[in-house]
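Please go over the structures that come below.
Shared chain: subunit A. Partners: subunit B in the first complex, subunit C in the second.
Coming up: the complex of A and B.
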């Protein structure tokens, strides 16, 4: 009997409840309030074209190449060009650089453009309904073409006038094909043209056009570029055989490839000088670059200088050319050394010519390639006066009874680069749009909202009220990234032709990468400030207060969110924010007031 | 099938045969071989279980508490510092009435660092509501692990299967590994009495105010009390299938003994040899091995030791300020008897020091010759310590 009692199953007495806890609104305990708060990635703020790089990398990592390519096209119609020749100021700004190495954004951009070309993708981009204003674009270089592209998407009719037989400007005639194959350029020009504007080649316009244009056009965009190399003002530079470097590049780009022999001298330190040096090397010469300051002061992009030196280009720094003399087929340059006398912390070295022993350099040819200028004086923007608006990358001149004249590209940019040309185009297009719709006085205020991270780069997507509008201006810093969620992984190495393969051909130096490698590289991106659906917020929420929406978004159920902030801390990429509860209420109240006033 | 097996691997074989569903552990010497072998089983498919890698023993047990709440069979293993780190969750597992089984390899606690055997780690957890079963041989380790699931799932309390570091965990012995059919005949599939189930949502272990908390604790005590009778029932079932039984305590020639040695773990094996020698010499000596320490089999202890003149309890552990822990329990069990033996408390073999036949002989001799039983524990074989001046 006693045995039976001890063997009886003892009823368990444990705390258990079948009552739902839904009635316990733990949200009432909250004094901190998390919210989704997408921010600005530093790369996109550093990109003059304001490309949405964090999102582009996210889409690439997911294998959504078309969507990623379109995300570029929203802000920059030239990914194939920029993926090759851009000096990628985005990469030094990359937060991943403080972790291991910056993401190879430049390489990814090119991959996406190449992929779009390979599969002959057609972009589906948002376009506004047609508007009545018409714009003439003078010069089919990158800035002119991009202006027509952006304005067409904003609903305006555009005509592009080009003096040469083919569109492309400096991209067609100035940049050698080992950096930018013509087919890539033609493809992207065609892609832009298809948005719906006309390019009239062989139409060299005169200054009078500006007066006559008023009959047809509401505005004229002048993107005529820098196509003239100034004289050095030294004896002997007018000798036959002393050539303008840009004309030489144009000649080679037309298909005329003269054989060169012996040493050739290139005077200058910009990208044109480096292009001339590397082109002449491929034509058989031994080029020597002569630059008056140090290598570090050269305006040419450092990668280009590096590759030129690798290929065998010689560099003579801190020398000026005093005179050029000719004896038969040989030219003698008289050089003077110019020592550095003062060096500002972050500026160019100051040099001073001092009387010193002169050097002589014997060469077979001399190229002038110092700082380019506009070919005609009327291409340059007017001086500051009453009705001139000078923006970061463009200048707008207003006059009664005449079309608005906008200036952009090299004539308006301190840094002469393709991506700055695109920045000019976008800025001018947005400024013209605001002028047409609301008047010129609205430009300052309205443009402020289009700034990427509050900097000088503008976003066309924001201007067109796309989803990017909802991002905050805050630029995410590395210490705002939860680096615990990332593993060290080496940056992709851009494959290139061997030095030996490069120097006797104009074949493109940089090679393609596979989709596999591109996706792996894109996965390295922190996607700073952007939600990539990692779901950490939902998985870590102790109150199940993060709710997944049907459209794969998420929202916070504030009935139960206690404001512990775990979701914000565990967000690897700082796409959330935590604020004091009463602070948020105050903000909301202010917004309310704001709403009534406007 | 008989195989020569390490004690650690005997545990692993039993866990495999028990068809455990979730394993979570953090490596620590001398336990690591157990989970190493189990991770092999999971990897090669011999065991269909989730093996959860975690960052600490605290997390290992936390993971099992979650897993066990869903009504599946779970296992972990640890030692020494690892067990100490689990302390908070040991209370939770028993309070939540979860039948988790743990292999606990007795290892000394630091500092100074010592990986050798010592029972203080497990005995320091005697009040956490876990059953504790101390093993002597590789076969007993395997058998006890299977028995542990039976007991745990019958009374809804967690169990520690305890084995000596190295002397048992790393020693190879012939072990009979039963077939799956045999084990299934003894240990049926786990039928949880409660479980987390999305089809029938509920919350466990919420607030228990003063008007119910005490009853919940009494419920645990009742479950522990029941183990003492369930143990025999369990061994009956086990005996039918395997033909072996151990008993919660194992008395050896205690009926007519004047002096009885009380041991646990591997010291028992050496003591068996001594007891036989002494009997051959005509000494009336018995031996009591205590296998089940929680719940403490006080009735059996009283019945077996009550008639002896002297009892020598050998403790490979120490509760500082109170002495050998088995001795305390034995003294407490006997204290209300009107006639009771003198209980000598010996502390020996801490931190893995050998407890040899000679040490045990000294203990027996001392017990026999000493007329006044000291209240305090007697420390065996202390070396002279020369202090730096």
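Coming up: the complex of A and C.
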């Protein structure tokens, strides 16, 4: 068509650009410098085991269940157990709680452990090369097993001694199977044992062992737990039929399920008391919990109390038992009301000790379930003295010519919980490692660097210098999250058996969730302080100064970055920082390397 | 987790836009969606400078600098030349600031779209003549300080509603977009590219220098303009079919105003008045879109 028209080419004298602007190093304009700066999530700092929850949730949301499960195992070898019985202090700390509702971290943890079990996954965890020291662990409860697990990963040889026929401690003998099925526990014990230590059951040790151990072992870890229920010091408590609650739970967990009838009384307000009440309910009884303070003061986990009451357990608050009398098959408890006289805002209610009117309660059985203590006096840590190091969750005693003795678990923890037992184990393992490698004097300084978010939880990942050890201990607050990138979405509802289904069997109450739901829940996580490769920094950079690396990380090209800071503000999860430019730093040969993140 | 947008950039580093320049972000996004089969006409605006002094160019596509008032006419000519060459594939676009669109280039724009010339006109709106020193334009919002509306003489006229002016021409496609909503922006650019005839995109592009804001909140402030209804995201097809793309959460305009130095002289009652104006505009838009009024 063009040639039909008589068109004459005319010369065009238009200047044409022929080079790019890349020659202008606009980085010289910069007086603020953005950089990648991974920080600590509040959930992680609140977890006594220091689990890297933000990362676990991120991997779960990406469907990388094995990697997520391994991320838990780095800090806690008991995700299946903790995903069921932990009181999840992480969730109240969740920043998402200030937006809509906290992420269901507890449910995700259990999902990951169940998924690993279903596909029989084997964890590939980093292990140090073998070291010459050997450690004996006394007690195969959660703290003893976790200690052996951590020490084995640190390269030490461990032997675990257990008095009962099976490992697990309170998890095996104290917690009813509707909360924790035995199969779950056995699987995780096996998983731990496979890191390479031996468990010798039916080996009850005596105090003399501590003296003899020096020949074979460099250290002994005592994690014997609290396995004895003290007496109440009231008349009638030694009557036949007045039973120790823990022995009762043990008997049921061994498979013996006696039928109970009528009302039974449980004296105490801790988790053991609640477990005894709910167990006896399942065996046919009508349980009554008798506690000397208010419900709010009970040491048992509030969720457990709530479920117990739903199932039909009766609670008598503010009453002490004066005496127990027996008439035939019936026991009569004499109760005294104790009114609250003074109630501090954050503390247990003070109760009045003056005699009030008495009431009587007729029951068919009585269980003692008040605060547990160590079964033998030598299980408890020694008093503070020279050469005893008292840490947050463990105690170490040093003596010349004898092995180091470490105490952990219930005997060293103010809060008796599984996750605190793991915290003890990790703390003791790290302290022993530092002692063996650098001497006991180095513990304080070295341990400071292992703290998650500067709090009391320690991280094995940091101690072993894993890739995540670079996160700073700044704990991300809700205000530091760019909430515009998140939409309201309701928290997953943990499916449970109906009340009617619960009360006549020992079937697990909390049910499984699907992978789909778990991923959706994990996506709700803000991943506080953690880069999840959302690419916002690169997307919004007006200067194309954020560069994607081949390995899916990113770095800032400081040749061009003008320091506007958009990347830092648009990072939804505060994984970046904006700092004043330092002239000397700007001119170093390391340009471009500082901001690297993989 | 990543936003679903094309990944390839057609821009170079080393441009001389101010730190945090919203217009640079806007260009980056638009080019991602247009691709390199594009010729750009650039009337006088901030981008005349950002695109680089001769012999440099910031863009990886052909670009013609033009006179301030000729954005619409120049694009019409480029389109005609391509048509003569038989090139149907290359997309012709005009990239103009608010001055070159709302004021100086308005007659050329109006003429071109009245003829339904086949091109896309992008107006990146930073609400004043920023490049020449922050003089007010007909896009400068009510209440703003500029160097030509200084002190107590802050601007007391409303911002011209340019999209409605274009809609009145009954063009095939007119839409608003914001640098804070990349997915929405890139979708609209792709949609515009697929339509024949005159298309108009009004892109809200913040200006840290002229708005007196810290550069790091440049995108955040653009997002707030949408969240507060000051700059609603919507599109209009064939001058009739309105679609609102973002239903705001009812944030108050004063949250947006108090972060910006150009509004710091406004009193509470001024802000109340502006809130009422914004609500009035929003209700008008809802009516056009056939969305029932809330509350």
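Note that in this section the second predicted complex is superposed on the first by the 564 of 598 C-alpha atoms of A that agree within 3 Å, B and C clash if a C-alpha of one lies under 4 Å from a C-alpha of the other, contacts with A are read in each partner's own complex, and residues count from 1 in each chain.
By definition in this document, a residue touches a chain if its C-beta (ideal position, glycine included) is under 8 Å from a C-beta of that chain, and two chains touch if they have at least 3 such contacts.
Since the model is a prediction, treat every value here as computed from it, not as a measurement.
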Subunit B versus subunit C as contact partner of A:578, first or second or both or neither: second
First (subunit B), second (subunit C), both or neither touched by A:10: first
Touching partner for A:568 - first (subunit B), second (subunit C), both, neither: second
Contacts of A:484 with subunit B and subunit C, given as first, second, both or neither: second
Contacts of A:29 with subunit B and subunit C, given as first, second, both or neither: second
Contacts of A:534 with subunit B and subunit C, given as first, second, both or neither: second
Of subunit C and subunit B, partner touching more subunit A residues: C
Contact residues common to both interfaces of subunit A (with subunit B and with subunit C): 15-21
Residue numbers on subunit B that touch subunit A, as the complex places them: 96-97, 155-156, 193-194, 200-208, 212, 215-216, 219, 222-223, 225-226, 228-230, 233
Subunit A - residues contacting subunit B, complex: 3, 6-7, 10, 12-21
In the complex with subunit A, residue positions of subunit C that touch it: 1-3, 5, 9, 11-17, 19-22, 24-25, 28, 52, 54-58, 60, 84-86, 179, 182, 208, 214-220, 223, 227
Sites on subunit A touched by subunit C in the complex: 1-2, 15-26, 29-30, 61-62, 482, 484, 523, 532-536, 539-540, 542-545, 557, 559-560, 562-566, 568-570, 578
